[in-house]
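Here chain A shows up in two complexes: once beside chain B, once beside chain C.
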Partner chain A sequence: MAKFGGWAGKVLRVNLSSGRIWTEDTVEHYRDVLGGTGIGYKVLWNEVAAGTKPFDPANKIIFGVGPLAGTGAPCNGRTAITTLFPTCWPKPLVGTGHMGGQFAAELKYAGFDAVIVEGKADHPVWLSIVDKKAEIKDARRLWGQGIRRATIEISQELGPDAAVAAIGQAGENLVPMSVIMNSYSHSAGGVGAVMGSKNLKAIGVRGTGSVRIAGKKEAWEKLVKYHLSLLGANNQHVVPSTPQPWAEYSSPTRWVASKGRKWGASNPVIDTGTCDPHDLNRIAYRTTNSAYYLGDIAWQYTVRGNGCTGCPIRCHTLLKVPAVSAKYGIPETGMNTCGGLNFGRSFFKKFPDGPRGQGNLEACMVGMHMADDYGIWCNYSQLQRDFIKLYYDGTIKSKIPEKEFKSYSWDKYEGGDPAFLFELLPRIAMKDGELATALGQGTGYLLEKWGLSEEQWGEDKDLLYWKMGHPKHHSNEEVGQCGVIINTQYNRDVQCHSHTKFTRNGLPIDVQKRLAADIWGTPDAVDAMGAYTPMNMGKAQMAKWSLIRKELHDSLSLCNWMGPWVASPLKERGYRGDDSLESMLYTLATGDKKSREELDLVGERILLLHRALTIRDMGTKEMRTQHDIIPEWVYHDPNNKPVYTKGTIHLDRDDMKLAMDMYYEMMGWDKATGAPPAEAYKKLGLAKVGEELGKKNLLP
Partner chain B sequence: MDQEKTNEGNKETQEREALYQSMAADLIRENSKAGKLVLPEEIVHALHTKHGLTPVGGGAPDGGFSMILQETMKQQGDLREIPGHDGLPRYYSEQYMSVAYARLLVQKEGDPLVLIAETVRENSKVYPRPISRDTFKNEPFALTEEEMVTCLEKMKAGDQYNDIAQTMTSEGIVYLYSTLHLDPDYASMLAEWLDVGQYRNP
Partner chain C sequence: MDNNKEQQEIFQLFLDSTELNNLFSRRQFLKLSGISIVGISALSPLLARAATSPLIILEQAKGVIIADPTKCVACRRCELACTEFNDGKAKPSMARIKVARNMNFGPKGAYAGQNGEGNWGKGLIVQDLCKQCPHPVPCADACPNDAIVAIPPINARVVDAKKCVGCRMCQNACPWEMMSFDTDTSKATKCTLCNGKPKCVEACPAEALTYTSWRDLTDKVPVRISPVAMIPAEKATMCYECHKK
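So, the complex of A and B:
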């Protein structure tokens, strides 16, 4: 048994080429990087050589969870899947897909903190993990089936409480734009094809164990209750979207509950009600993402919220739309959140009955049905934005064979008929035709294949393209310079929500500034949205904090779509949350006492390891110019409004240079190159990493 | 003996007063939870008819209930008074209702035009943000389309409302803002973000 609580104690290692299965001690090998992405980056650094490609057997795919998974800490259901990312262009680099659902907790209950898979099976297999025992099983009867069928069949063998992470036909066919999905609707983007390249169809997990909490029961329960008391709605929005009796403020947030707003497809119908934040039994009623994304029409079709193990937020909405069953021959129920809900509707420029009518709703249902079964990834809707542009500017017509072009019902597409998706999505999954194959490669490879200019993509503000084949993810449109800095740091769209949760939490700007002064040292760390001011060190501090907390969450198994919890809905606290929640939970769960500052250093270590991997595998230390790229559209306003005036989100080039200078300074990195020096690695316990980079002349 | 009877009588009176205060406080709190302000006569009526309580003092027209109410407000730390549209008091519990919501309810008692204008101005100043026109058709505003149209027309005609302006998003939704606090470009950008940008940037 592990010396500490929290961790299950073992990492499962599987070599699919040899069939060997063995374990490692988690604490001995990985305590310094916690879990999740920390384990992923460490394994890739130590065991996967630069130049390895995503589909090589030598590539490894690491399903990592953290010491807080399965503990009952709120919002703990995340699994980080780290590997060489297939859509990363022009060179595959380290990347992580993240999924919620039930997998993380079940893996812990089965006795493992991570599963590391390497090699390639000589025929389709699935991995069975049941209470510390792992077996490689034949999956030939599952291969070619969708995710749902695979999940059901494996669940029939392992039991209804099993969690199954599976790929669909997209992953099997090595479509880079593919996902791994568990619990039917919780997907990790961009990593499906790596599993497919190993002939690994699924991992089924069943665990009847539990997670040991090092601290006293009363203290743990008190801490969990305290954490619950600080929760807002989805994305930690702490202000309701309409005036409520208890609330001082209201703003269009994801806290959409209100008396009279009802889950119309539940039986009996459920009124979401006023949801006083002191009533901890009504947290799950605060969020109804179906209505938030699809409009008021969705209320009548909403059954309930669903979500990850033990998470009270329930951000996955279950919808029941009977019309789609008769009209399209698909199940009348579907469930997802955010990009998943947007998947189908985002392909269309317009619908006959408007942007939030029945057509939009049906496109959502059809899109979810197919994407979540074929296992297709949207790359934060870059797939759909690219498709719209390529169709309407005539590129698709000019690039694909005429016969293939005519095989699509473009009149249906232009008319906003969701039935069009039945023609497109299966083809993407099956690599059927030039168009589908190109789309499935991801933006970078598509641009390259069709001889299109990445520069041109980066100038078009509607495309929201950032770099290396991926889009922006919460950048200057909501968090100014801080958002831009964050978006430069990864090899896929950044998947960081630490910053955006704060600026979108619904609190008035004066309150946000008061909280910002406490958290980042100055009220000037945040600006009102669209009323940006020049760069300052507070914003650099916020960027650093956001990135470190993202890595901490991805390594602890806390949800970065909810945490950090630095704001709360409680007026009596001045709307303050608690910036030490992560360290309190970690300390009590594991028994490894760490203050907020100490745990942040661990997060910084994990972030630095990601940087090191990227530098090594890119073969350059010139990160500032080669990697930390800012697309041109950030610097332009469609109405030519001057920068730093109210009503524009564009930024100033020189100011962004200063922003990057400040960020590098904050991180202790070389300003000229953006590369960490040897001292930075040494400071964070990665001296050997620094030495190895030094030998390759990759230190500044 | 007489002293004992007097003491017993006083004790009984005190206990009855305490009971009335407790019931009055509970009534205010229950209504606050439900999003309602309470009028004094509602408290009197409830105590008298629902609970069958009889007045304790002599002389006062309401049988002494106003004294009970005053004492209740003094003793119960969460209870607040706010003048209504008619100048008469309304009561609420700060434990369940914010002063902002209480103020909104008072505005709702009066001219809907003022309700809309003040809400728009406050949102434009405090957050700052424009507010969608449709907001006023939902609770707690609950204005009809007819009322909205009438109010917005009147605003155009009245000098004291010429700061209330409109902007439309790309999805056809109208937002209202005050030019005292938001200029048109900024309001337009914010409206587009709130209505379209937020859900398209999940």
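So, the complex of A and C:
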């Protein structure tokens, strides 16, 4: 028996140029970085030279899952896909796409903790992985097909319970704004075209093996049930959105269940009910994201929730809207959450029946149908925000040929007719015309191509643009300085939710402050949203913790949209969650005993490796001025409200300088450059990484 | 125990086991077997084996798990609870409740494409569960080693791992494909009802599963396959004794 539980034990390696397939021992090579993004960063560091381009055969794409994937630990369905990120501007750097669904668990049951693909096949192929056996198969008949058909045909070959991660036409055509998608509605943004560049249409996985739990089964059962008892709704919102008989508070959260709110398209209908948090058999009803995003109209069209393997929080919603079948010729059912659910509607400025009516809903149905088949990415809706801005300020008309401009039905667009999406979305996937090609490149390259100013994009608060071609992702609108710090650290929109899930969990600020004192050492670590106070070390501590946990989750395969679980819906616990859940789950599943502090150090190591990769590939240590950039809109209020007054989210420039100082200090990094010194690498077991950077003069 | 008393007890056991079975009622049994209570000696082929191996007639299960597919949200926590909390490993392929195989395309499988059920079709997720069959118990009948037995007090049909040789005949016998196989131990396994506290029912976050008193679902749930397993010759002889015209 393997020494450790949790891990499947092997990493699958595939060279599509040579056709070679081999394996590595996971624990031997990657235990120090756990899995997921950890494996991804380590492989890029060791094996992909600085200067490699995303679509070069030498680039590698790493599908990484972690020791908790496929277990019964709640919220473990995540796969992290690491590669050189095509939409990162002006120079592609390391980035990760993340998907839920069934792929992560199935990969583990098939015997692998990661799949690392390199090279380029000389014709379209797909990778078949069935119970420890991998084969490269001909995909010529699938090339040019959408994700739906590719998945169904591969499922017919592998069996109905296979998990298939596929690209659509967008990925095939090397459109940087493309996804990899599995399990109908679970996509990883921005990485589809890297698969396309390797002529890799899909990875189909079928596994009948097991993930062994190292600890005693009784202890594991107890821990899992304890974890479940601390869950809230989606994004770990722990307070219901409407008053409930059991609840002390209510707040506009994603916990939308209530008596009388029904999944109306279920047959017969299902009442979501009061959902007392002690009733673990009703967790799945707490969340209905269709209604959260689209308003009350969505209830009647909701069939049920859906989501990842082993997650009781069903953040995807299955909708059934019969009208769209007759009206647009698309299936009457559709399913997704957040950006995927909102994909279609976000292109439109207005709809005839208002922002939360039928038109809005139908645009979502059309958008999901198209985007999730062609495999188009939204870049956290920056695609749509750019489109609205570029159309209404006349840029599109001025930048594309007149004939092409007239080929679009702009009257339909302005009138909020979802049918407009049938004109636009296939062209993005096919790179058909100047407009669609530019949109498909991502914001940074679009601006460059059309000679527009990135600075101007960063000044416009409505665009929510941040830097390097990507938007903000839970920044100062929700978590003040801490949110801003976090948004400076990555090379795409930040995939970190540790911080926002706390400030938006629905608890009153006095309760949040009490919890914050326990977790980050001071109640001042958190402010009420939009009522900020000057920077302090507690906020820097919260930023560091948030980022570490993000990497920890992405490497263990825990969902950072749900964890960490430091607040709970339980009044009798004073709404405390448990900051040690990750280490307890890791220890029991793997048998590798690690305390919370020890595991956080591993998370910090993974985060540092990301920093090192970014520094190496940028070729500069001047991170503070060249990478950790804050857009101008953060410093301005449209109504000129003074900073730190209630109702404004803007922050003070000098205070943000202090904030970055404090963050670098907290991380042990150089304040002047924002680069980690040799000691920082050494402390986290990455001394050799530090030495290599030293040789390139990339240490402060 | 004297022979006569034993015969009566076994006969009663059989009647109990079929009392809720529409297909094979007490009256039918008496008619088919051509015997009366007085003529119980006709059962002697069954009784002859009683001392050494279990009968093909098992004591009726006390409970059964029923599922509401309209409430299933496809999280598979039932499959994970079944294997992690009973076996110490996450292994949905050997879960005794089966959701994954219907989850994407419904019970008709991938060839239904987007025209079936499941996440890719109309959305319904069908959970497959052991019926804890009355008589006949196809998995137990097919086992050449009599390894599938009723364990009191719940009387769930359970694989005795010590007797199981991993021949997989039971897998080919269940019309609902509810037998599982542990590839790590090469033993068959099936739903044990967890001694009356099923882990899957506890684990469901959508109240889609219920543990309840036994009722006959064998004529209510469509079968998945036409079983191909042979009943071992000795047992077939016993079947014949009762079912002969």
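FYI, the second predicted complex is superposed on the first by the 698 of 700 C-alpha atoms of A that agree within 3 Å, B and C clash if a C-alpha of one lies under 4 Å from a C-alpha of the other, contacts with A are read in each partner's own complex, and residues count from 1 in each chain.
One rule holds in what follows: contacts are C-beta pairs under 8 Å (C-beta built on N, C-alpha and C of every residue); 3 or more make two chains touch, one makes a residue touch a chain.
Only a predicted model underlies this, so the values are computations on that prediction, with no experimental measurement involved.
Applying the stated clash criterion after superposition on chain A shows that chain B and chain C can sit side by side. In the superposition on chain A, A:G668 makes contact with neither chain B nor chain C. Of the two partner chains placed by the overlay, neither chain B nor chain C lies in contact with A:G521. When the two complexes are laid over each other on chain A, the CA centres of chain B and chain C sit 70 degrees apart as seen from the CA centre of chain A, to the nearest 10. Of the two partner chains placed by the overlay, only chain C lies in contact with A:V211; chain B stays clear of it.
By the touch criterion stated above, A:S258 is placed in contact with chain B alone, chain C being left untouched.
Touched residues of chain A, counted separately for chain B and chain C, are more numerous for C. Shared-chain residue A:Q156: touches chain C; no touch with chain B.
Residue contacts after overlaying the shared chain place A:G357 against neither chain B nor chain C. In the superposed model, A:P534 lies in contact with neither chain B nor chain C. This overlay, made by fitting chain A, leaves chain B and chain C with a least C-alpha separation of 17 Å. Across the complex, chain B meets chain A through its residues 32-35, 96-101, 104, 126-129, 132, 135, 138-140, 171-172, 182-183, 185-190, 193-194, 197-202. Across the complex, chain B is touched by residues 242-249, 251-252, 258-260, 274, 276, 292-293, 337-339, 342, 354-356, 381, 474, 477-478, 504, 508-510, 528-531, 571, 639, 641, 646-649 of chain A. Residues of chain C that touch chain A in their complex: 70-77, 80-81, 83-94, 100-105, 109-111, 113-114, 119-120, 122-123, 183-184, 199, 202-207. Residue ranges on chain A touching chain C, taken from their complex, read 70-72, 102, 105, 108-109, 148, 151-152, 155-156, 159-161, 183-185, 207-213, 216-217, 220-221, 224, 228, 266-268, 270, 280-285, 303-312, 314, 318, 320, 331, 333, 335.
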